[in-house]
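The structures considered in this document are given below.
One chain, chain A, links the two complexes that follow: it is found with chain B in the first and with chain C in the second.
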Partner chain A sequence: MRSLGLYVPGDSFLHRAPAGAKLLVLLVFGVATVFLNQWPGVTVALVVVLGLYAWARIGWRMLFAQIRPLWALLLFVAVFHTWVSGPVRAYEVLGALIALVLAAALVTLTSPVSAMVDAVVAAARPLRRLGADPERIGLMLTLGIRCVPLMAVLVREVSEAQWARGAQRSVRAFAVPLIVRALRQADALGESLVARGVDD
Partner chain B sequence: MKIDVVDVGHVYPGPSSRRVLDGVNVALTERRIGIIGANGSGKSTFLRLLNGLIVPSEGRVEVDGLDTAKKAREVRKKVGFCFTDPDSQIIMPTVAEDVGFGLRKSGLPKDEQRAKVMALLEHFGLAGHADHPAHLLSGGQKQLLAMASVLITEPTLLVMDEPTTLLDLRNAAMIGRVVAELEPAVVLATHHLYLLESFDRVLVFEGGHLVADDAPGPAIATYRRLMEAA
Partner chain C sequence: MTAQRSTSRDLALIAIFAGVMAALGLVPAIYLPLTPVPITAQSFGVMLTGAILGGRRAAASMTLFLGLVAIGLPLLAGGRGTIGVFAGPSVGFLLGWIVVAWLIGVLTARAGAPYRLPAGIGINLLGGVIVLYAFGIVGMLLRTQMTVPAAVLANAPYIPGDIVKAVLAAVIAKGVHTAYPGLLRVRRPARARA
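This part shows the complex of A and B:
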């Protein structure tokens, strides 16, 4: 589950930088990548991101783990753009996509989730005037991240049960228990949040 | 700490409207109280009444004079709760962050929060896992983490709903040793009856009724008779 971009402890400059500043730079980087979408700009973006990974002392294996889950999408984009617009355009689109994914992953790899939640809560504070609760927005982010490994476990367990009972081709036999168990898990998590005084 | 359960009955609403507790009257003041009973006997509902997770349909529950139906927030500050499945209790991705979650609104400076978290993790033998993903811990370690996450807020009572049910015998015994050394008072429901041998008092539930309230030896004997007669 490290490959989902969880925090990797370290003491580099990027690790010590405030999470809010990193999220802001990521936003600027994302916007810049949209506008600098010619091959020289994309190459610079890729070099910058790879340089930042080296600076943060995050190894190649961890770097590739960030883009591995997207290989099918990246392959589709590469083939589609090579066919429709040629190899240069395919490089520009693919390069920009990889640079963005790696940059976003770098923020989560170098920032504890609690620091990112603090940053999001601070950024959402002006919304209090509109009736929004910044702590609740931070909690939504936390629970979103928490639910990824939880759902992965549920999917694995339901798949195993499905295989054990020989119903591996049935979508319904997979979806129904998964949804029921996900709802029960959500209920239990909600009860746990109340027990820990989160709703008070 | 004193808990008063007065004429409590509880019915879960819904089409089947199941009555799970009926006419329960008990005052709890001891530091170690065990709860035993068959599945569906009302143990978990009784435990959830103690920190206001469930408000009784009939009667009232008071913790140090605070009615759980009216002062749930104050009650939950005093009464921590550990669930059977620690996975449903883990909120943050890493061990230290999950324990520190309870201190977010404490107003303590970040470095003090971190020091407090690390001291507790050290006490539970989890300091080496502080920055590890919480969901990758073993079952026993996850249950320790769940306890640490509750104890960080320093409750005066810890309510535990079958914390050893999903554990092997070694981990169950380890949790038993940790519970025995805890500072706060403990109300523990379990099917591992040996964990309750050193407790001050044991309550036995059957069919939503409190059927025995005694020292561990006689209470466990009553429970065994009930199970053998069923």
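This part shows the complex of A and C:
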């Protein structure tokens, strides 16, 4: 199922590792990149991340898709650092940035959305003493996931209505009915939550 | 994220507006004459959510939306997602969304009903342009170690589009508050009805 989520199915060690453990390793890696900011350390980090992608059998295309939206900005940063403090510094800054972006993306690519929800709920459990409610966080995430296709349907309905009225150029004639319908949908959703006992 | 408990209607609004943000990621970019930078709808959605839901719910809604992105839904404009975006140079903008939605929400709620366009535009410009870019630029400085002028230069092309979006968000918010009253408290002699 590729309709929702960026998960790439597979059965590598990384796919089978629990999502919570992967998030923890990512956290350690993120802290490590702050200290590994010289070129040898950055190179090690990049090689490790590329190795992990190969291990998880995630292809080059998917790997580049994680960086592609950033290319214009990365180019700007590269030019800036090369100009101000030389190509080595540019490599160090960009290499550390790309390594961490790829590593973080790898956690998502190898973990199904449901496993990530469970990991977030489990991570919130120790925070209960600080006032967090892990079950409610889990409920909100699943509600949010449900609302994505729900709103996509509303967008289609509203734009069809707009076409029928021949007003397809107006942003206002699109957004106002969309948001009003969304608010009515929220009322209905709120009532169904009350009916299921999610109220206080 | 706050000690205050939400009602189930609040939960529904928070979730639905996370869905609205996702839907705005699907809206194709709008090109305006004289500006080379496409206008994507999502930063418009941040301002709109604040101007409609009020501070606490809007901030929760943005947090939920970013949470959905983090756990792997490709909801950012152009189908981007994953935790990777929070390690990238735009992290300041993303986390700024939460603060901006909260700020716009609090100020809009304080201005009260009926929603007034000039005040709404002012609030949106303050939150969605000035505060958001402050967050965005600080994030970029931390992640790319550029100087402040370079980071400002990298972001400057997007500012005119965001000014247009701030105005547009206020116009839409006025339309929504007119068609669906009751979200903002009427500023009249306090507590006429409980």
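Here, the second predicted complex is superposed on the first by the 131 of 200 C-alpha atoms of A that agree within 3 Å, B and C clash if a C-alpha of one lies under 4 Å from a C-alpha of the other, contacts with A are read in each partner's own complex, and residues count from 1 in each chain.
Convention: a contact is a pair of C-beta atoms (placed from the backbone, for glycine too) under 8 Å apart; a residue touches a chain by one contact, two chains touch by 3 or more.
This structure is a prediction, so every number in the text was calculated from the model and none was measured.
In the superposition on chain A, A:40 contacts neither chain B nor chain C. Here chain B and chain C are compared by how many residues of chain A each touches, and C touches more.
Once chain A of one complex is fitted onto chain A of the other, the partner contacts of A:171 are limited to chain C, with no touch recorded for chain B.
Of the two partner chains placed by the overlay, only chain C lies in contact with A:77; chain B stays clear of it. Contacts of A:185 after superposition: both chain B and chain C are touched.
When the two complexes are overlaid on their common chain A, residue A:105 makes contact with chain C while staying clear of chain B. Of the two partner chains placed by superposition, chain B and chain C are both touched by A:146. By the touch criterion stated above, A:9 is placed in contact with chain B alone, chain C being left untouched.
Of the two partner chains placed around the shared chain by superposition, chain B and chain C are both touched by A:193. Once chain A of one complex is fitted onto chain A of the other, the partner contacts of A:113 extend to both chain B and chain C. Annotation: chain A residues 6-7, 112-113, 143, 145-146, 150, 185, 188-189, 193-194, 200 touch chain B in one complex and chain C in the other.
Per the touch definition, chain A reaches chain B in the complex via residues 1-2, 6-7, 9, 112-114, 135, 142-143, 145-146, 149-150, 153, 185, 188-189, 191-197, 200. If you check the complex, the residues on chain A that touch chain C are 4-7, 23, 26, 30, 66, 69-70, 73-74, 76-77, 80-81, 84, 93, 97, 100-105, 107-109, 111-113, 116-117, 120, 131, 139-141, 143-148, 150-152, 154-155, 171-172, 175-176, 178-180, 182-190, 193-194, 198-200. On the side of chain B, the complex with chain A involves touching residues 51, 53, 72-73, 76-77, 80-81, 83, 85, 87-94, 97, 100-102, 104-105, 131, 133, 135-136, 149-150, 153.
By the touch criterion given at the top, residues 3, 5, 7-20, 22-23, 26-27, 30, 48, 52, 64-65, 67-68, 70-75, 78, 80-90, 143-147, 150, 154, 168, 171-172, 175-176, 179-180, 183 of chain C touch chain A in their complex.
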